[in-house]
Amino acid sequence: MTKRLLMIDDDPDFVAGIKSILDSAGEFEVDVAYNPKDGLKALQTREYDLLLLDIMMGRGAEGVMIARKLRKDPKLREMPVLIITGMREQIAFLFPGEPIHPRFVEVDELVEKPVEPKLLLEKVKSLIKTAEARKVNP
Amino acid sequence: MKEYAYYPGCSLEKMAVSYHLSAVETTGKLGIKLKELEDWSCCGATAYSGIDELLSHTLSARNLAIAEKTGLDFVAPCSACYKNMYFTAVHMRKDADLAEHINFALEEDNLHFSGNVTVRHLIEVYVNEVGLEEIKSKVTRPLEGVRVAPYYGCQIMRPRKDHEDVEQPQFFEELLAAIGAMPINYPLKMRCCGGSLIISSRTAALSMVRNLLQSAVDGQADVIATTCPMCQVNLECYQQQVNQEFGTNFSVPVLYFTQLIGLAFGITPKKLGMGKEFVALAPSLLAAGKANPAHSKP
Amino acid sequence: MEKIGVYVCHCGTNIAGVVNVEEVRDWTAKNLKDHGVVISRDYKFMCSSLGQELIEQDIKEQGLTRVVVAACSPHLHEATFRKACGRAGMNPYMCELVSIREQASWVHTDKVAATQKSKAILSGGVRRVEYHTALEPLKVSIHPDTMVVGGGIAGIQAALEIADAGFHVYLVEREPSIGGHMAQFDKTFPTLDCSACILTPKMVDVGSHPNITLLTWSEVTKVDGYVGNFTVTVKKKASYVNNDTCTGCGICWEKCPKKVVDNVYEAGMGIRKAIYRPFPQAVPKYPVMDVDTCIYFEKGTCKACEKFCPTEPNSINFEQKDEFLDIPVGNIILATGYDAFDPHRIPQYGYGRLPNVFTSLEFERLCNAAGPTGGNILLRDGKTAPKVVGIVHCVGSRDKNYNEGCSAICCMQSLKFAHLVHERTGAEVYNFYIDIRTPGKSYDEFYQRLLEEGTHFVRGKVAEISDAVRLPGEEGKLVIQVEDTLTGNQLRVPVDMAILSVGLEPRADAKEVAKLFGISCSANGWFTERHPKLDPVATMTDGIYIAGCVQGPKDIPASVAQGAATAARVLGKIQQKEIALEPVRASVLEEKCSGCRICNDLCPFNAILFHEDKMVSEINAALCQGCGTCVAACPAGAISGTGFSNEQVLAQIEGLLLLNISEDAVPA
Amino acid sequence: MTETITFRQEVLNLLHASEGNPINFCIQCGTCSGTCPVAGFMDHSPRQIIAMINAGMKEEVMNSNTFWYCASCYHCTVRCPQEINITGLMYAMKRYSIWKGKYKEGLIGPTFSEAFVKMIVRTGRSFEPVLAPSYIFSFNMRGFLQEVQNATELMLKGRLPLLPARIKRLEKFRSVIGRIIPMGGLE
Amino acid sequence: MTNNKPFEPVIIGFTCNWCSYRAADLAGTSRTKYAPNIRLLRLMCSGRLDPTFVFKALANGADGVMITGCHPGECHYLEQNYKALRRFQLMRRTLEGLGVDPRRVKLVWASAAEGAKFAQEVTSFVEEVRALGPLNWGAGENGRVAEYQSTPQEALA
């Protein structure tokens, strides 16, 4: 049955692209929040199977704040998170040529923009599958 | 012997070393010990908020956390540092998520900032903490007849709106009067000196500096007193460029208010870092007599 | 068991759009049977005459003993349905109106939840109405005298209208003369009438009217009682002048050596003496002595006024004392006016620091022929006429840092100033505005006139007025820094004179005055009217009315209209001779009262007295306002409150929680 | 078919955590532009930029130098009658254009900010000389000469820092930053 | 969140006729939405509130009680809301003594002009009580209130 995804990203053009990819797959219902505050509110009011999260938003790398906040919230700790970020080119000058370092973002998966549609769908499906498996026998 | 967690800021290392010297000297005379913050780092000035505001808050929070360890009030001589520190503290007290996230980052340097640090600008220490009476009592050579333009700059009062007079404060004038000087009516005293625009948009900043100098000269000021190293550099070191750009010939000395206080306390100019100015103070003013005011016809 | 009729209103779609009215009707009929509900109907508009007839018919035919209507707020139609029940022979207080519009359909989006909530509210009403008792409204006599507080144009209008109708008015004014702010103006917009010419006739009428007792230089200090039976204590400050013998000749203030800056009438522009009459056309014409500045009261010397007073016996009397008068009145009209915004609070406009920055009141005094410059518009040096004048709109208004609201008159006032400057000095005039607001009749025509006269209208809120010279031609001038938002240019307009068109603010002591009269005022201090659109001159407290700028910023025509409106309301009340008060009162059951006196000091209206002999407390129904604090506090439950008795409230709680609903109401 | 959000909404999202009222409160009164000491040098005055954002003129706004000429003196913010944090908006627009790499070419502001931020991340303290290359070459000849003349005079007066200052716990400092912006090989 | 539907608390709201009831009316006329869990009861003044009303409501199925009145200093009867405040403080301690979490009873001042504030206070209080979970105070073993047959939920067939 359709899986419900939430996407928190401030770039409407990018969101439109991702949404069209996921809609084309036909088994995902995608809600969108364009800033961290609306994103967290959406997470409190509805249950989602997967979160697509951007990093550079609002005041700065707020995606990191959200990812950490999820991990502390008992209800949302299990939620699988796929970070999709363009941080490398956005502030590339800061750490030229260095990888994005997910260590402090206990997240399930990280993908860098631009995103290749097939890879995206694969990652989304696998993440949901593993999360379901974890729920069945934690 | 009241102590303060003293945060000099990057420019007081070299560019504005005389501000540092005169601050230490004059506070020493007033029974105040400026204990320099151990291993402090840059506050991010204005550049950071244009890249990542969380990082800007983190830089300030690191210094605030170090100050919190000492348990002393935080003192910043530079207005830009003062504003960054003050508002990082305000935001972290108000927004729990922000505080939690930044403290998570500070853990790497085993630091923590819980918010109970009072952030003061250096001039507040003189005016509010020490008080004008105490300063007046320490004055040995009042700057008789020296006409001083009290230049507040912009970030010392703003964007705070909780002072009782944001637009026309008087405490700088009162401080100058306390040391015997003659504060002039300086209408542009709250206007900006251009700050980092001196680099990113030269002509704009040079014209702002020109207006400030013009207004000081119109008020027949012998010297402009500043409270921030960036304003001092813009007003003094770029007088040459202003003269070339607009065909004026300003040569107005620009000193830190602590240097003027030092002179009034009779401290030897050398110890106040005098002699590093581009526009030398008229020797007579050094002897606090009023010889030839530094006038100029535009 | 009572026979209760329940009527659920559709209110068009206001209720029916969200609440399933039919389901509520059927649920009530089914589930509240054992609580006496014999009829449960619904109708499109219960408050319509047909709806009311529905009730009346049921009462007559079915012999209903109680009626519950579920519709709008009791503050709207409780009286309507009570009257309908009264017409049908049922005691009006047997009817209960519960609100399922304001409390359900209008405030909830979830239709199911709103319908469920309506059932619960209705059930609360039905359980409550079982314990209603027949009540008669309290008849209270109305004292024919009226007190008008505040002698501005609104107060004057109200006083005259009531006095002309043959009833007595006490007009209390804090200043030595009536006239208010209008007396300070030179001209009025849009007709450019001379303000004094249209005001002084009314002032003279007030001064000489047989039905008006004028109490100037006086203040209200205490108000007791309730509608129809107020007792107002007025402190008549000693003026040290015997008004009976004084002829108002003026020798005393000519000879008085002590000059004082007149901050009230001359707005700080002119001076007066320690003994003074504010302005020539003052009513009453007698001077008053300002104790704080008079030399006699300072050093005990001088007494020049007494020496030169020609009257026999001497009208100057230094032994005069303040008098306190307790005046019984039926109704009170508050017309205490406004304060002008003090532009010192906007330092960047330079008022007080830069000499040639004037407030609107100061400019009015400049233009006024009786003003300090005899009507000539001159700079602060009193000699030079301005060649360029800048008029700043919205000073302190429409600004979240000062007063959020628009002051309604400061645009028209600014246009008037522009015209006066053109007419008197021929100077160039700049008006700096955000929006030109000319809402009144022939107001915009006045604006056209200003356009014709060549006024420079610059759309932009002035950022700063400073004396910092930057460009040639700015020497010795005030430089107005503003962005002309229509061209996008940042302008530096050098002017000789800047007029700050300040907005209207509530009186500084508005909150205390509101508390004194027992009425409420908004957060910033405007007095709160009973209904902003439909009842702007009455207040929540019966018998107390408000007129003019005390209720909010408005122009002179509106103030006069409100003055007359309050007079009409008061005359209406006086004609009724007596009015019915809500019978909500508390009363002590003597046999239950243990004489513990807990209730005695709970009552701010000292309506509870204690009988030493019988060791019981008793409530004076006339003074009791029905708040019920004593009812709740009485440990012995000896005090019962009509209309809100313990039984009624407890029953309503049970009803709201839908308890002991008949068995079949519980789902399978 | 997917409804995207307006440009104004994008800017409001940037300011989701800022105090002060949102820019749709703006009544275009012009106080900010009247106050701004740099308005004369800007392509569009602060008021115009807010109007353009509200009107969704994304290209024109991104191509304007207004927010890069903001001296961050906060005079507009304290005077705005609608209590909009205009300086905060200017900072947000700087972030927006840096992140998107879209700004009017020839502007020195962005490259200077980037150089400044990179310098602090490297040493923990600012060292003016290292910033020079980021702007010195974009000056015209006269500006270039003046700047060089300025630098030499500062040196003569002993006010030009020669050695870049470093903080002691530099590694720790960089790992603190690594927790805010999770980049860099900070294992 | 035992069954699938989230727990919907029932709140009884006491309002004073002059200020907070008019605030509720204003919320209505300006169509300001708020949670439907509250059921309002109009008293002449917050001073009229007898603590037994609160205990009665809590004992009969209400999960929370919200007491509202005029701001101190603005009471139509001059000062009766100060007495309501005193009673409220005392009542909270009594509630604690009776084993009821005092956060289930909240006191809110709302003037006649504060419709939006009234609505917002209701919604946030409903969330607070929802977090506290059902009270079932004085309930018999089958969760029904001892002396009464039905609980508020079921009766709403």
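Per-chain residue numbering starts at 1, and chain names A, B, C, D and E are given in the order in which the chains are listed.
Methods note: a contact is a pair of C-beta atoms (placed from the backbone, for glycine too) under 8 Å apart; a residue touches a chain by one contact, two chains touch by 3 or more.
What you are looking at is a predicted structure, and each value in this text was computed from that prediction instead of being measured.
Ranked by how close its C-alpha mean sits to the mean of all protein C-alpha atoms, the top chain is C. Among the remaining chains, E is positioned farthest from subunit B, on the basis of C-alpha centroids. For subunit C, the chain with the farthest CA centroid is A.
More inter-chain C-beta contacts link the pair C-D than the other of C-D and A-B. For the pair subunit B and subunit D, the distance between mean C-alpha positions equals 22 Å.
Per-chain Cα centroids separate subunit B from subunit E by 55 Å. Mean C-alpha position of subunit A lies 41 Å from that of subunit E. Taking the mean of the C-alpha atoms as each chain's centre, subunit D and subunit E sit 50 Å apart. Of all residues in subunit B, those touching 2 or more other chains are 51-55, 98, 101, 104, 161, 166-167, 211, listed in ascending order. Counting partner chains per residue, subunit A shows two or more touched chains at residues 56, 59-62, 64, 91, 94.
Annotation, chain-chain contacts: A-B, A-D, B-C, B-D, C-D, C-E (touch as defined at the top). Of all the residues in subunit C, the ones that touch subunit B in their complex are 346-348, 353, 401, 466-470. For subunit D in complex with subunit A, the residues that touch the partner chain are 2, 4-5, 9-10, 12-18, 95, 98-101, 114, 117-118, 121, 178-187. Subunit A contributes residues 56, 59-62, 64-65, 68-69, 91, 94 to its touches with subunit B in the complex. Across the complex, subunit B is touched by residues 17, 37-38, 40-41, 65, 68-69, 71-75, 77-78, 85, 87, 91, 94-95, 98, 107-109, 112-114, 116-117, 120, 124-128, 131, 135, 139, 142-143, 146, 149-150, 153-154, 157-161, 165, 167-169, 172-173, 175-181 of subunit D.
Residues of subunit C that touch subunit E in their complex: 27, 31, 73-75, 99, 101-104, 106-110, 113-114, 116-117, 119-121, 124, 511, 515, 518, 520, 522-523, 528, 540-541, 584, 602, 604-605, 625-629, 631-633, 641, 643-644, 646, 649-650, 652-654, 656-661, 663, 665-667.
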